[in-house]
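Chain nomenclature is as follows: A, B and C, assigned in order of appearance, with residue numbering initiated at 1 for each chain independently.
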Amino acid sequence: MSVALSSRRRSIHRWRRRADAVGSAVLSVALLVWWLLPIYNMLLIALDPEGETEFKGDLWPSDPTLKAFAGVFFEGYWYLKDFWLQFGNSFFIGAMTMVLTALIGSLGSFALGRMWRGRAGVISTAALLLYTVPVYFLVIPFYLLMHKYGLNDTLWAVIAANVTFAVPYALLILQWYGRLVPLELDDAARIDGATPVQVYMRIYLPLMAPALAVIGILAFLTAWNEYLYQFILLSSPGNKTVAISLATFFDNEYTPWNYPAAASLIYALPPIVLFFAVRRCIAAGLGSRRFRQ
Amino acid sequence: MSIQQALAGGRVRLSRYRPPAWRSRLHGSEFTWAVAFIVPYVGVLLAFAVFPIAYGFWMASDPALYVTLFSSDEYVEALISTALYVGIGANASVFLALLLSGFFMRRGWWIKALLVLSMLPWVLSAQTSFISFHWMMIYWGFLNSLLEKLLGIAGPDWLGHYWLALGANIIAYTWKTMPFWTLIFLAGRMAIPQDLYDAAAVDGATGLRRLVHVVIPLLANLYFISTLLATIWMLGDYNTPDTVSGGAPLGATEVLATVGVEFLLDNGRPDLGVAAVMAALPVLIPAGVLLIRRLQTREVQL
Amino acid sequence: MALMRRSLLQGSLGFAAGSPLARPYIANAQAKTMSAWFAQGFVEDEDIALRKAVAGYEKASGNKVELSIIPFAPQRQKIVSAITSGVVPDVTQNNPAEILPLYAWQDKWIETEDIVETQKARFSETALKSAQAYNDVTKKRAYYGVPLRGACVPCHTWKSLVEKADMKMADRPRTWEGYFDFYKKVQDNLRKKGERKVYGLGFQVTANGVDPAALFNAFMHGYGGQGIVTPEGNLNLDARIREAAIKAAEYLGGAYRDGYVPPSAINWNDADDNNAFHAKLMVMDVDGTISTEVAVKAKHPEWYFDEIVTDGLLYPTTNDGKPITCITAMLNAVIPKGAKNVPVAKEFLKFLIQPEVLQDTVETGLGRNLPPMPELAKTPFWQNPKDPHLKGYVQQGLLGPTQPDYYVFNPAMAEVYAQHVYSKAMIAVAKKGKATDAVDAAFNEIKEIFAKYPIKQS
C-alpha cells in the first residue's frame, strides 16, 4: 500500500513539475512579448531607410538598412554631430550621480539605521515628504540657486540636481532594506573591537551590496534619461548631452525618425552593460547570505 | 516542523523591532563618527534642496491660484484622471513586480536571460520608448496592423476611448518602471535567509502559500514603502501621459503633472504650474504620515 | 541651384561683415561678452548662417557673443525659467511667440525702438506691428521685439491622390467652401475605388499643439470674419465675426463628423499631422509653413517638384471672391530686463537685421522662413521660376495682404489659444453639437479671458 501511495505521489509530483514547466514557459513568452514589442517597434523604425515604416503599418520594413545606426556611430546626421562628445558628458553625469548617490546614501543610512537606531527611520521618511513636490516643478528655483553658486552651464550643476533628488530615496530604500540584515552582526563585530568605519566597510557594505547595486542603477538611469534639468542648466555646445540631442529630434515635426530610434537603442547599451556588472553584486549578495548561515 | 516552530526554535527570529543598544546613547568617538557619516546627506539637503523646495512652496502660496485652478473643469477632470492613473498604476507596478521577483528566484539559464531582457524597458530612453507606444496606437499603426494580419480583426481606435487611452498610459508606465521594483524585491527576497524557505518547504509551503506566509510578512515594509515611492514618482510623472496618450481623447487623460508643466514652462504661468501639483499634497502627505505610523507599529526585524 | 544660392550667401555675408553698411551701428570698441540663446535651425545651413552672422559681428565690433543654439522646446523652457528667476541672457527670441506680448504686459522686456528704427522703412507693416506690444505697467504700446522672420499657414495637396480619384487639380474652385468641398469629392471617389485609409481633409480638429488655433483663424478669415481683436487690443465679437465663427466651427467640426477627416486626427499632435500627410493618409493638409514640402526635398525630389502642391498663389478666396488676409506670425529677437550687456545686445541686433544678413539667415532655411522685409522677397531665391512652392508662399505670407496674429494686439488671445477655446468649439460640432451653441460658449469664455486684460490706451 505504501508503495502504491508513493508511486501515486511520484506521479502527482511529476505532473506538477510538468505543469510548472509549461506554465513558466507560457509566462516567459508572454513576458517577452510584453517587454519587447515596443522595442521591436523602435527597431523597425531604426531599420527603415526613412523612419516612416511606422505610419504605413508595416510589420517589417520593405527595405531594411543599418544606415541610421551608421549615422549615429559616425555622426553622419547633422543633429548627431558631437554625439560621442555628448555621450561622454552624459556618461560623466551618470557615473558621478551614481557614485555620489551610493556613497552619500549608504553613509547616511548606516548612521541613521545602524548607529542611531531609534526613530531615525521616521526622520528620514519625514524628510522624504518634503520631496513630494515633483522634481520637475523645482527646476526654476534650482536654476536660480545654481546661478548663485556660479555652477550654471556646468555638468556639476546637473550632477548636483540629480544627487539631491536621488539621495533621499536611496537613503530610504537602503534603510528599509537594511532592516533585513541582522543587527547582531554589527554588535558582534563591535564586541571584537571594530570601529564604525570598519563595520561600515567590512560588514555593512558587503551585506548591502544588492540594494546598493539597485540604488546605483537607479541613480545612473535617472541621470541618463532625465532631460529637463539638462535643458535648463546647460547652454554651451560643449556641455550638451545625448538627452538634449534627442530632444532636438522630437522638436522637429519632420524628423527622420530612424535616427533618434537608432540613437536611443545605442544609448541604451551602457545601462545594459552596467546591469551586467551589477548582476555580480546581486550574486555577491547571495554569497553573503551563505556567509551568514 | 512548521514555520511557527522554526521561528520558536530560534533558528530564525521574527520579532518586533526593538530600540537598539549601540545607539540611543552614542559615546565620544562613535558620536563623532555618526555625525561624520550623516554630514554629506544633510549637507546636500541644506545646500541644494531647501532653497528650491521653499521657493516652490512660496511660488504656490497665493490662495487665488487655487481658486483659478478649481474653477476650471479641465483641472477637476485632470484630478480625477490623476487619481485613476496613479491609483491603478502605482499599485499595479509594485504588485506585479513583487510577483515577478518571485519568478526570477527560480533557477536556470533561461530565467537569468529573461531577467536581463526584463531590464530593457527601464534602460531605454523614456521619451523614445513612449513615442513608440504612441505610434503603435495613434494611426492605423503597428498594433492594429498586427491584429489585422495575425488575427484578422480590426483593432479599435486606441486613443479615441478614455479607458483605452488611460490604460495605455498605465501600461506604458508599468512597462517602464516595473523592472526597478522587481530588482528592489529581488534584492529583498535575497536577504531572506534560506533556512526560512527550507523550513517552509518542509512544512509544505511552496508557491502561493510561501508567498503569503513567508515572503509577504517579511517584505511588507519594503512593499509599503515602495508603493509610497511609486505613488510620489508617478504623481510627478509628466512624460508618460504627455507622450503616450498626449491627453487623448481630447485632454481627458491629462493629469496634474501635464497640466502643471504646461502652465509652468509652456504658458509662462509658473506659479499656476507649481500650484497645480501642490494641490495633490493635502492628500499625499497625510497618506504618507499614516503609512509611516502604521509601519512603525508593524515593523519586523530579523 | 543650391550652388548658386550658396555662393550668393557667401558673397553677401562677406559684404555684410566688412562693409561700411555694417559699421555705423558699431560704436563700442571695448571688448565685451554678451550671451544669446537662439533656436536651432530646421536645416544645418541655418545654424551655419547664424554662426557666420555672429562671427561677422564679432569681427566688426571686437565684442564676443556667447551663442547657444538650442532646440525649440528647451529654448522655450529655458526662457520661461530665465524670466521667472531673473537670471537672463542678453538676447533671445520670443519662443513661444506669445511671450512677447505676455511678458511685455508685465514689463519684462527692454524697449527696442532704437534698433527697429535703423531698418524701419524696410520692414513690412505686419513685422512692425508684431514687434510692438502693450505694457500694462507703463500703460503704453511700444516696441519690444526685433523682427527676424515670419511664417504663415498654406494648404498642401497630394496631386497624385487627386489624380488617383480621377480628378484634376485645375478643376479646384477658388472660393473658400468650393475649394474644400472639392477634397470631399476626392475622398468619395477614392472610397468608390476601394481605398479605405485615405481621407480628404487633414484638419486638426484637436486640442493639441498650436495648429488648431491657426486652422480656425484661417477659416474665420475665409468666411470674412477678420478682426476678432482690433489693433488697439479690443475684443470685437459683432455679428459678422460671430457668423464667420459659426461657419468655421460648422465646416471644420462638420467635416470630422461626416467622416472626411481621419478619425484619429482628434488626438493628433503637430508631428502626428505631418507624419500622416507624409504617409499619404490624407489628400490635403492645412499646416504652417512649407516645411512639409522642404522636409522631403532631399529624399524625394519628385514629391517636392511634382507631387505636392502648395497653394500660396492660388490660395482660395472668400466665398464672394475677395482675397484673404493671411496671418503671418513673426519671430522676434528680444532683450530681457536684467540683461547685463544691453548696449552690446542692441548693437548686435542692429547688425543682425541688416537686409543682407537677414537674407542669408532666412534663405538658408530653404524657404521655411519668410523674410520680414518685402524687398527680400524679390531675390532670385524666392522668385526662382523652377521652384514650385517658394514664390507662392512668399506671396501669401509677405507680399499679399497680411496681418499679425491676434495675440500681438492683446495677450488675452494667447490665453484663448492656451485654453483651446477654438478647439473646444470645433470638437463640440464634431461630436454632433450645434455650431451656434458651440460658438456662444466659446465667445463667453473669450469674454471672460479678455476681462482680465483691459487695455487703457494713453
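Keep this in mind: a contact is a pair of C-beta atoms (placed from the backbone, for glycine too) under 8 Å apart; a residue touches a chain by one contact, two chains touch by 3 or more.
Given the structure is predicted, the values throughout are model-derived calculations rather than measurements.
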item	value
Leader among chain pairs (count of C-beta contacts)	A-B
From chain A, the most remote chain by mean C-alpha position	C
Inter-centroid spacing, chain C versus chain A (mean Cα positions, whole Å)	41
Where chain A and chain B are represented by their mean Cα positions, the distance between them in whole Å	14
Where chain B touches two or more other chains at once, by residue number	139-140, 264, 270
Chain C residues counted as touching two or more neighbouring chains	77, 80-81, 84, 275-276, 279, 281
Overlap residues in chain A, where contacts from two or more other chains coincide	54-55, 140-141, 144, 247, 250
Of all residues in chain A, those that touch chain B in their complex	24, 27-28, 31-32, 34-39, 41-42, 44-45, 54-55, 57-59, 103-105, 107-108, 110-112, 114-118, 121-122, 125-138, 140-142, 144-145, 160-161, 163-165, 167-169, 171-173, 176-177, 179-183, 186-187, 190, 195-197, 200, 210-211, 213-214, 217-218, 221, 224-225, 227, 243, 246-247, 250, 260-261, 264-265, 267-268, 271-272, 275-276, 279, 282, 285-286, 289-290, 292-293
Chain B - residues contacting chain C, complex	138-140, 157, 159-160, 165, 245-251, 262, 264-268, 270
Touch list for chain C against partner chain A, complex	35, 37, 40, 42-44, 66, 68-74, 77-78, 80-82, 84-87, 270-271, 273-276, 278-279, 281, 291-292, 294-295, 299
Chain C residues within the chain B interface of the complex	76-77, 80-81, 83-84, 96, 98-99, 102-103, 197, 206-208, 263-264, 266-269, 272, 275-276, 279, 281, 414-415, 418, 420, 427
Touching residues (chain side chain A, partner chain C) in the complex	50, 52, 54-56, 78, 139-141, 143-144, 147, 152, 228, 231-232, 235-237, 244, 247-248, 250-255
